[in-house]
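Pasting the structures in now, so scroll down.
Two complexes are shown next, each including chain A; its partner changes from chain B in the first to chain C in the second.
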Partner chain A sequence: MKKYAIFWGCMIPQRLPSVEIATRKVFEKLGLEIVEMEGYSCCPDPIVGRYMDRKTALAISARNLAIAEKKGLDTVVLCNGCYETLWEAREDLEDKEQRKEVNSVLSKIGRTYEGKNKVRHIVEVLGDDIGVSEIKKLVKNPIKAKLAVHYGCHLFRASEGEDMWRKPNQLTDLVAATGAQINRSKLDQICCGFPTSHVNEEYSMNSNLMPKMEAYQQMGTEGVVVCCPACNVQMEIGQMSLKKYGKKYSMPVFHLMELLALSFGVPPKELSLGVHRSPVQQLAERMV
Partner chain B sequence: MAGETNNSGINFELRKDIINVDKNIVKCFQCGTCVSSCVASFVLSPGKYSPRQTILKALYGSELAFKDKNLWMCGNCYHCYERCPKGVHPTDVLGKLKEISFSMGQAPQPVVDRVNNILSTGRALSIAGSELVRGRVGMSKLEEFKFAPEIKKIAELTKGGKK
Partner chain C sequence: MKIEDISQQRVLIYDPERCTGCKCCEMACANRNFGTLELDKSHIRIFVDPKNFDREAINCLHCANPVCLNACPVDAISKDDETGWVTLNQMKCIGCCSCTYACPLMAAWFEEDRRAANKCNFCDGSPNCARFCSPQAIRVGTRAEAMELAKRLYLGGK
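This part shows the complex of A and B:
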């Protein structure tokens, strides 16, 4: 049984535990084992928290990576934000001098980081290790709905020479594999507005989220699939905040893992979709 | 950031710091590909946000580069990073500027609050209220983060998170 160390991050356990439930079901169906990363902390988040101080942030990230490394496993993330922070930290720590510096801090708390393992997004793991064709074989309940795919900014983070569309395209392929019809819009790449919502709510709502919602509605989109819990929370809470600006939407937004679990035949009731702040439960019952 | 700003508004230390982050920045010829790729520029009203201008200010070592509150509108989407014909990494430059902005006490209050939360509790969000969500799906209450002292120690050793 192949093992993966899953980095749950902050958003999933605290705001969207349904994603954790769905991930466990999907891994079970795929015959993969989840290894817990005991003692992980915030990654720290790439847009706000990480700019506290480079050295501090790098040491916190290295501490997280060291937990998976001790188990000899790659860190697999379900969140684009965690992906960016941890991926970049790993990249920076390839540099021996920086690693030495970070290790001098980590040694004081009884940890060490060698840089042996990788950081991977769940989209990559499913696309590369499992393969879209294998996923297709497991689909029991083809999804009958028109869904939009929201990639999320940091999914575009790519190594030197790697196609920046590789992971976003994998995400689209995975959604298509469940049988869903994909509604594309030219606003698919636009940020959900989460990173800027702390700094300027009006901008984040009116300039990012509203045009996206407007486009989804015009195209008859029934739901939005994301691969990041922060985008998910922003798009759901954001729809509630948009009422202030005189706009009413009720667009279900949910995580890729929930979509996969539903298509693999997990009954919607077992997924606790009620924690969502958008009508995901209703859509789930309709589309499978 | 150390160093004095001279009468012409140039801070050579800032310029050095920026070039250290991204050597390619000196190759910037202000073509504007970053602006046309930028999703923040796309949705903000014209002229309100321009990575090209921020890069120029940073190159000059002008303090205006990190004093601009719109700096925090960048969502790190990496479109400029990928598309720059000269291999400049605007995302890294903007990141450094955000870091400087934080250390100079210019960061917006929510940013400061978030950092304090991470350094004191180890989590980006407060766990208050999360038991309501988790309880509804039959999951156990989250425990206080046991390893918070480790995070505090890291912050202490690296002297981070102080504005």
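This part shows the complex of A and C:
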């Protein structure tokens, strides 16, 4: 049985536990084993990590990476923010001087980071290691809905020479494999507004989220699939905040793992979809 | 060493087709230059059309013959012989705004708090905006590369 060290991050256990439930069910169906990263902490958030003391941020990231490294496994993330932070930290820590400095901090807690493991997004793992055709074979309840795919900015982070569309295209292919009809448009690439919401919520709502929601509605989109819990929360809480500006939307937004679990035949009730702040439960019951 | 061939000058290259409109570049710029995340303090601005979702950036192009430099009455703006980067010395600036009006992009802007103009300083060669752009819509390259991209995007590759 193939093993993967899953980095759950903060958003999934705290705000969207349904994504964790769905991931465990999907891994079970795929015959994969989840190895827990005991004692992990926040990645930290790319916005915070980049703008606070860089050395502190790198030490926190290195500590997290060291947990998976000790188990001899790559770190698999379910969140674009975690992907960006850990990916960036791994790149920075290729530099021997920086790694030495970080290790002098980690030595105080008896840990060390050697830079042996990789950081991989769940989209890559499913696309490269499992394959869309294998996913298709497991689909029991083809999804009957028109869905939009929101990639999330950090999914575009690519290594040198890598096509930035590789992972976003894999995400689209995975959604298509569930049988869902995909509403493609230029706005799939546009940010949900989560980074700027840290600074100016009103600006973030008006410049990013509202035009996106407006366009989704006009296109007849029934739901939005994301592969990042931060985008998910931003789109759900954002819809509630937009009521202040007289805009009412009720667009279900949910994670790729939840979509896969539903298509693999997991009953919606087993996924605790009620934790969502958008009508995901209602859509789930309708589309399978 | 003087930069002989202006086409080899290092500039910021913005590709709207890669941009997601997340404005992390604006936060990165404001953070590096002002220690804040206020988007109004950024030297680079990203605009997203709410109707068709086209993206565009306004940033200093560190021109070969900068109009801001020529418009400044007190020589507060200078162009580095070696790197070609155009920088502004706020200690010399008298806040007349000639540069902000002269620049067709208004890349130089008036900073209310200090009563002086301000503009992109290329972060001493390692721009923070390019460093923190996930889709690498902003990167550092030569002016020749920037012109090639501009021709492809705006003149249909002619």
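The definition used in the following text is that the second predicted complex is superposed on the first by the 286 of 288 C-alpha atoms of A that agree within 3 Å, B and C clash if a C-alpha of one lies under 4 Å from a C-alpha of the other, contacts with A are read in each partner's own complex, and residues count from 1 in each chain.
Criterion: contacts are C-beta pairs under 8 Å (C-beta built on N, C-alpha and C of every residue); 3 or more make two chains touch, one makes a residue touch a chain.
What you see is a predicted model, and the numbers here were worked out from it, not measured in a lab.
Partners chain B and chain C, brought together by superposition on chain A, clash. By the document's definition of touching, both partners, chain B and chain C, reach A:Y203. Look at A:Q14: by the touch rule set out above, it reaches chain B but stays clear of chain C.
Of the two partner chains placed by superposition, only chain B is touched by A:G39; chain C is not. Legend: residue contacts after superposition of the two complexes on their common chain; A:A158 is shown touching both chain B and chain C.
A simple residue count on chain A separates chain B from chain C, and the partner touching more is B.
Of the two partner chains placed by superposition, A:G223 touches none, neither chain B nor chain C. Contacts of A:K186 after superposition on the shared chain: chain C is touched, whereas chain B is not. Once the two complexes are overlaid on the shared chain, A:D53 sits against chain B while remaining clear of chain C. When both complexes are aligned on chain A by C-alpha atoms, chain A residues 47, 50-51, 84, 153-154, 156-158, 164, 189-191, 195-196, 198-200, 203, 207-208, 211 touch chain B in the first and chain C in the second. Of all residues in chain A, those touching chain B in their complex are 10-11, 13-18, 20-21, 39, 41-42, 44-57, 59-60, 63, 84, 105-106, 108-109, 111, 153-154, 156-158, 164, 189-191, 194-196, 198-200, 203, 207-208, 211, 272, 274-275. Per the touch definition, chain A reaches chain C in the complex via residues 47, 50-51, 84, 153-154, 156-158, 164, 186-187, 189-191, 193, 195-196, 198-200, 203, 207-208, 210-211, 214-215.
Chain C contributes residues 18, 20-24, 27-28, 31, 37-39, 48, 50-53, 132, 134-136 to its touches with chain A in the complex. Those residues of chain B lying in contact with chain A across their complex are 39-40, 42-44, 69, 72-79, 82, 95, 98-99, 101-103, 107-108, 110-111, 114-115, 118-119, 122-125, 127, 130, 133-134, 136-139, 142, 145-148, 150-151, 153-155, 157-162.
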